[in-house]
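Right, one structure below, let's go through it.
All chains are identified by letter, namely A, B, C and D, in their written order; residue positions are counted from 1 within each chain.
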């Protein structure tokens, strides 16, 4: 079973998620530039989520690059990841429209955490399907980034009720950690 | 006529359906966590439909794997299936927003039933187009799952007016039956 | 310049158009089955447009099958067709929500007419790009269907102000004429 | 790392952007043709943006045609371009709903400007990744169009507060300049 359709379907869903998020940037009423002001936090939360979805897409791209064959378990682990990514628009919108208030910031982190766990599961399932000479296992190595990120999200969730800006700082920090695409995979593949 | 575009178009439509359903999870007003509570049944109905659409996508993926050439009849049987799948967002939203009330639960089942029938028709059309040595016919065999599911949906529809939770239990049960991807096809293809 | 991306982009836009139309089927308020009644004309207009978009997708599929190379003129003629198709959701919604009233029915026909003209232009541009031994020209032949359809749409537009059901009857009639996929192309290609 | 998924993902996002813009053409209430009148500026702004997105898609198509391998930097420069394109629907809607008023017209130009800069950056990143014998560098040459367009947008932004029709005239003029697809690339590739 080739990986072509898995890639195409994932690309489709991720492309739609990234675009649907922009629908929360509702067209303001009135032609006065002042009507743009309440859109600012919505725009900021959109940028953060756009970067996160971009990171997931890039790393997903790299991960599937190491895959030859796709088993049923990979299809479902992939759908599980897409499920959590599909909740980004609503949590992004809730956080942006409430100006990064505590509860929306915590929920945003919870969905980030679940997506990170789903990505980790997908990675394990792919490695298991590749057997002991797994290219992906070699590429991922100790997977420091993959292990630290969920810890930071988990810390950010309760922090949000104390100071949501700290939590958002953590979300930005994790995004920056990942913005460098997974060079480990490029290295192992020798490209 | 190759099957590439048929797959790509179906992937596109299914990817959009799965993502449009999430639009029913409307961004709540207010930053109080309590505003999330009315979203819970909407989230549950979204999860059920996400799993169903995932099942259709996976099995569609497996089914087309056995196809070499696509005739006009297959294109139209496929569009017919996509039509019924395209009604999932509205019936999912209606059921979720009304807390799994009888009529919305029955309508949800009716659309599930029509999609199951459309899938069955597509399967027959593909088998007919493959002729007597049809790979798909061999893979599907007696097609127990394909025959039992519509019966269970048909039973769930009137049941909804008596006890909608029974109907929803049946929808979950059928989903669980199908969650195992169609190993029969993998077996026949010897992979 | 290969045709792969042209097909992929067109598939994407058409898949989104066909799915966005379903957003007009708004989730009704209340759990009473009676709330579904105002959705009926919206559903009927959705079915009509779904079939029309399906016809365009199928015939587009067949047309591009005869193409090897894509020139800039084909890209733009294709975007022109996609533009008119992109207006289907709004005209479908207007007609459905107003129960097939005269003006919405006429506008629906006007967009059908423009899409038919755009399809005809695309066909001419493809034929011109293929030169005198054009496969598509051979396949299309006298193109009776392509010439009669715009005439019927043009007749249906003024008729809508007299009796919109006659116009809708014509729209259905044209759809039925086209429902048979373009066997001419299959014939010429010898498949 | 092949360019296939980059193209597919970009096509998906651009296809969704072009289609989401049409959602601003809200289905009017009432069956009287007069209700269409307020839609006219929305339609005009939609046409302008449709042409712009079409131009970006066509030129993106041509640009990637010269690419063999995709590095991480190209992926991110591409996402940066898609980010600015994703803001087209909201600025188009704001301009259309306010009848081409000064502030919305200026913001529309600002997003056009940012998209042009993002396209220029992507072009530089691709050229840098191709090394000194870059096909794209040869094709682009002095890149007069790419350098003049941002200047015209930058001029149009302040002009909008004096006379928004002048700004819109400039936007149309730039679109016309680009409507001719990048024949330079076709020339260099010898097709």
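We adopt the following convention: a residue touches a chain if its C-beta (ideal position, glycine included) is under 8 Å from a C-beta of that chain, and two chains touch if they have at least 3 such contacts.
The model shown is predicted, which means the values in this text are computed figures rather than measured ones.
Mostly differing positions are employed by subunit A and subunit B in their mutual contact, as under half of the interface residue numbers are shared between these two copies. In terms of the distance between Cα centroids, subunit B is separated most widely from D.
With centres defined as mean CA coordinates, subunit D is found 26 Å away from subunit A.
Shared interface positions of subunit C, defined as residues touching 2 or more other chains, are 8, 12, 15-16, 23.
Residues 7-8, 11-12, 14-16, 18-19, 22-23, 25-33, 36, 47, 50, 54, 57-58, 61-62, 65, 179-181, 183, 186, 191 of subunit C are the ones touching subunit B in the complex. Residues 1, 5, 8-9, 12-13, 15-17, 20, 23-24, 69, 72, 75-76, 79, 82-83, 86-87, 89-90, 93-94, 97-98, 101-104, 107 of subunit A are the ones touching subunit B in the complex.
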